[in-house]
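The next part holds the structures, each set out as structure tokens.
In what comes next, chain A is part of two complexes: it sits with chain B in the first one and with chain C in the second one.
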Partner chain A sequence: MLGYLLRRLAMMCLIILGVATFTFVLSRALPSSPVEMMLGSKPTADQISQAREELGLDQPVAEQLGRYFFQLAQGRFGTSMRTGRPVIEEIGQRLSATAELVTLSLFLAVGLGLPLGILSAAYRNRWVDHLTRMLAVSGVAVPVFFLGILLQMTFYGGLGWLPLQGRIDSIVMLDHPVQTFSGFLLIDSLLSGNTAAFKNALIHLTLPTLTLMLASLATILRSTRNLMTDVLGTDYIRTARAYGATRRTTYFVLALKPTLVPLLTIIGLTYGFMLGGSVITEVLFDWPGIGAYVVESVVTNDFPAVLGVTLVISTLYLSINLAVDMLYFVLDPRISV
Partner chain B sequence: MKRARLLSLSAVAVLAFAALAPAMAQGEKPLVYAMYADIKDWDPSIASSTEVIMLSNVYEPLVWYKSNGSKQMFTPGLATSWSVSKDGKTWTFNLRKNVKFHDGTAFDAAAAKASLERTRKLGKGSAYIWGAVESISAPDVNTLIVKTKVPAPVDLIASSQYAAYMISPAVMEKGTDWFNQGNGAGTGPYKVRQWSRGQEVVLDRFDEYWGGWKPGQFARVSLKIVQEAATQVQMIRSGEADFITLPAADLVKTLESNPAIAVERGSSWKNTQLLLNTKKAPTDNVKFRQALTYAWDYATVVKSIYEGGAKASVGVIPATMWGHSPQLKMPAFDLVKAKQLVESSGVSVQDRRISIAYISTSEEYKNSLLLFKSNLEKIGVQVDLKPGPWGKIWDDAKGQKNATNLITMTWWPSYATPSDWLIGLFRTEKPIDFNLSNYSNPAYDKLINDGVALEGVDKAAASVKYSAAQQLLIDEAVAIFVADLDGRAIYRKDIKGVKLNPAYDAMLFYTLTR
Partner chain C sequence: MLSPTFSHLSSWPARYVAWSRRNIFVTMCATGFSLIVLAALLAPFLGLPDPAKIDFSVKLLRPSSMHWFGTDALGRDIFSGVVHGARISLLVALGVVFMAAAIGIPIGLISGYAGGWIDTFFMRISDIFLAFPPLLLPITLSALLGPGLFNATCAVAISWFPWYARIIRSSVLTVKSELYVQSARAIGTNPFSIAMRHVLPNSLSPVVVQASLDFGFAILTTASLSFIGMGAVPPTVEWGLMVASSRSVFLEYWWTAMFPGLAIFLTVFFANVVVDGVRDSLDPKLRGQP
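Entry: the complex of A and B
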């Protein structure tokens, strides 16, 4: 077990190193000069050559790469050219915003998708099944940007119930400042007993969470349904039913358990994907998260930021997968190394 | 049973949100201005981009250019009056008394001197506008003297939207990093209250502002960062935003039909031109270049592609800038004449091929160049269009090897002077920075240098020089002068006092009421 974990960790390091090298070389090979973007509207020739020198862009790529790895080894990700702030600081702040949004969406997607999937399998080819499947398919079929705008138009434009964009109103933050513990506004405002900020953060979270949730709900719902259908057709379930197991025990205990291992993989992958893939939702709702950040960085060729985000996201993705694989051992004692 | 519970749960959730919703509307409504990018440089000595919306409300220059719709060229800012010596090299500014910075420090000549010297010493952003300055001195508390090496229009330079703001000496010591935490201390009507990175900047009224406060002016202004045009549109429709900045021309038309929304169009000093590389074949041939200027369909581009958001250029100095000359002899769209010029140019048939670089994200560039291409093909000139990001096409254009024959350019001046175009784009330059035509003509250079020396003392005489210089550019077909772009403000109709000022890419909130 420990050996397996160490092997996986070593593998992870190799992959991350590869990703870093690839992205770095790509960022230098791309036909664009980021310095011009960084210096404002009309830089002079002197300002440009000075900036290139400061950034070491006049050195050979191999040397630049070496220097970058040396920096990384010291835990430094460099400075964003667009904002002039340390990349790691910016990612830290923005990652918590994304994590709050994505985690909440995933909880909702699992909380809804799992029971609906089971229901769908239990009433296979009946109206409940058709309804949930329709819901699921339309969740995937409708593009996220359209879904988001539709929700904005309904709940902001039409009903006026929910705010359009942003994470919290600055005015609320001015009157009720929130102390940072976890970076999750909901948790932090609760911990400091700040109900005004909590309410405001919650209403701001609703629409983006819903948008992101609906997009991933289908994956979880459909997988649950298909896995359950397979299991429900097996002999041991029929036997259990024959012995008088109630429907509830059959579906939620006996049949659910064997579906959990593959389902966990799907949930883990979805979570990792959402962390890096919430770009559209974030831009649409001006959510100050990592997705919107990386888009702005790519557009201005702010490569220290792009590299930083790539490394952080790939590390997270790999870690989530590793954690999921570790969970298998807990869920299914038959699996061993 | 299960289903019923689920339904009731969601009903409870919806009700809960409905109950929370009224919490959104409360208190005196601040002015909300939706901008599309966050403030990057908070240091007023360095910032030279979209920061001007914050800078011009938090800081003040010595002199404003035509503030608040004034007909006079200058409006006193932190200087109440000023004069220039006969030789045009010594400028004396009398400074406003009883002015305080946001941190409580008094504004005086020493602070003004320190502000300008700091900007010059840092040498970042637009600091080069002070290039002609020799020395700055403060003989007494309310007098500032600026001496220049050569005659220079220091009054115009002091009214720049960048690199000309007065900063509290007490905070200067704290350095650029302190500013970039979202801090500042100017003398302007608004002070920075809070900055939520990537989300919002809150400005609060500075109670001790020297101009005083009247009822109806805004006590609080929120600069919200909203990146999506569709989101900005929804915000102004609902009244959440009072100003929006993003929408494209087609969306603006729809917004104008909304009775609650007003669209103000006015002059901007932005204009667009195509620079013709005078050192690269076949555009090194004057007649061939002239042919290109006759093959550009000026009227159609302005009318159909800029959809009324621009006017045809006459010369490179826009119509709303002093020094503009309406009597310049401009080429007109005439394919027959263009064809004659191509035939008589001596460029062989197989060499009649040009490349054009443009910024790929601009629909206006793309569409007008496609039109240009089809017109040129009619007269036997082949065109390769090369779209790309600005950083790349600019970099390529600066080196002769990868340069294209033509490149698009949109230019605006650093301060209110016509010489900014004439120097920045066309005066002999080594190495090449923005003179992407690679134009070098001693006669032209002399006209410009003479004009600059006259700017501070005799603008009419300077204009005559600039007029002659522009005719040279037109006759030698150094560029195709495409369009002067309109400025635009989209705002809620209940906001009063909206005026566009081409010198500042901003809105002065002090002049507004609801």
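Entry: the complex of A and C
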């Protein structure tokens, strides 16, 4: 088990090295040049060659790559061309905003999807099942940005209940500053008993969370329902029912257990989709996370930032996949290396 | 070939009618999807105004008999935009799926059939591609390739090909050990013609299923790229771009975002339901289930 974990970790490091090489070489091989970004419009030939020299772009790609790896090994991603600040610092500041959004969405998607899926399986082909089926089919077909716009139209434009965008009102932040413990505004404001900030953060979180959650909710709901239906048809469930197991025990214990392992795979995949979806959600809701950072960096041709943030997100993604694979061993004792 | 439940009906139209009755919802969605395809095909011949024509004298008009879906902030007719956008979106989605399959299938076939270090090499490369969460790789790639719808199409296709390569590879591994392949090898057929004539045709169906399932997702992904400014650029009329350009005005002028958004939603919805319905009725495991 430990050996397996180590092997997987080594594999992961190799893949991350591959990702770094791939993105770096591409960024050097492709036409859009970081120099133009730095110098603005119509630079002179002298300026260009000087800038290329400063950035080390006149060296062979292999040498540049080597220097990039050396830099990465020291934990530096370079400096953002847009802001002139270290990329790693900027990403660090924004990571917690994305983590808060994605974590809350994932919890809600699982917390709602699992019971609704069980309910649909229990009442297969009745109205609950039809309703959740419609919800699921619509949920995967609606574009994230359109869903967000519909919610903004309804809850900000129409009803005026919720704010349009942002993470917290700056005026609330000034009057009730939040001490940072975890970086999650909800937790931090709650820990320090700052109800004004908590409420404000919560109403700002509502729409982005709903937007990000729906597609994942649909997937989790539908998979739970289908996996559960398969299990409910098996002999051992029928036997358990015959022996007098209650409906509640049947659905929530006996039948749920075998569905958890495949469901875990799906939840892991969902997490990846959320990391992708967070890009769109954050742009739409002006959420100060790394998803929006990706877009800002890409739009301004800020190469060190793009490479850095790509590396961070894929590392995060790979780690989650690894964690999910490790959880299999905990959930199902029959699985061994 | 529909469901064998209807095999007692002699002619195929009769069988089709019987199948449609049982799958009313799927049939309705198929009709909806056909209408969208029809709109896409006929867009230039419907006598609609030029969807890219800017005319500030008619900007932000409500939906009316003149402009069915209203006009946007630049005075462009939204109905015409939605109809012309269907052309772009369907074409791009087809492009993504075909391109991804065209890269993935040969790689998967070579990997699975050759095995050894070639297999390891290609699979490690595909590991690198799969290390990116969905949507992040298309974004990074289209950033590096530069804006434009064609580049976005390539970016999505390049990000997706490893999935196709893996699917083909795993079915090639099964097909490779079939008796007819071994017989062909035993009589000395050359490996290339075994791969092309026996292995490939027999391992293609899972990838075809995956490609059709991905069609709706391809529309969503490219529209999302356009929305964040990494796909279509004006004057191309694209649904995601139409929604993006409505961002500053949609709170007061709801139609600017509503109709292009609905167009994406309905197209993907119809496509998904139809693909699922057809797949279910072809799947022997699901036959006879309600």
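Keep in mind that, in the parts below, the second predicted complex is superposed on the first by the 322 of 337 C-alpha atoms of A that agree within 3 Å, B and C clash if a C-alpha of one lies under 4 Å from a C-alpha of the other, contacts with A are read in each partner's own complex, and residues count from 1 in each chain.
By definition in this document, a residue touches a chain if its C-beta (ideal position, glycine included) is under 8 Å from a C-beta of that chain, and two chains touch if they have at least 3 such contacts.
This structure is a prediction, so every number in the text was calculated from the model and none was measured.
Within the superposed three-chain model, A:W161 lies in touch with chain B and out of touch with chain C [touch as defined at top].
Contact with neither chain B nor chain C is seen for A:L322 once the two complexes are overlaid on the shared chain. Of the two partner chains placed around the shared chain by superposition, neither chain B nor chain C is touched by A:L191. Of the two partner chains placed around the shared chain by superposition, neither chain B nor chain C is touched by A:L331. Of the two partner chains, chain C is the only one touched by A:I16; chain B is not. Of the two partner chains placed by superposition, chain B and chain C are both touched by A:Q152. Contacts of A:L135 after superposition on the shared chain: neither chain B nor chain C is touched. Using the contact criterion defined above for the overlaid structures, shared-chain residue A:G272 touches chain C, although it does not reach chain B. Applying the stated contact rule after C-alpha superposition, one finds that A:V283 touches each of chain B and chain C. When the two complexes are superposed on chain A, the residues of chain A that touch both chain B and chain C are 31-32, 149, 152-153, 156-157, 164, 283, 301. Of all residues in chain C, those touching chain A in their complex are 124-125, 127-128, 131-136, 139-141, 143-146, 216, 220, 223-224, 227-230, 240, 243-244, 247, 250-252, 254, 257, 261-262, 264-265, 268-269, 272-273, 290. Touching chain B in their complex are the following residues of chain A: 31-37, 39-42, 44-45, 47, 82-85, 90, 93-94, 115, 119, 128, 149, 152-153, 156-157, 160-171, 173-174, 196, 199-200, 202-203, 206, 283-286, 288, 292-293, 301.
Per the touch definition, chain A reaches chain C in the complex via residues 14-16, 18-19, 22-23, 26-27, 30-32, 125, 137-138, 140-146, 149-150, 152-153, 156-157, 164, 272-273, 275-277, 279-280, 283, 294-295, 298-299, 301, 306, 310, 313-314, 317-318.
Those residues of chain B whose C-beta lies close enough to touch chain A in the complex are 2-3, 6, 17-18, 20-21, 23-24, 27, 30, 38, 40-41, 47-49, 123-126, 128, 180, 193-194, 196-200, 202, 220, 222, 224-228, 230-231, 234-235, 237-238, 240, 388-392, 394-395, 412, 414, 424, 431-434.
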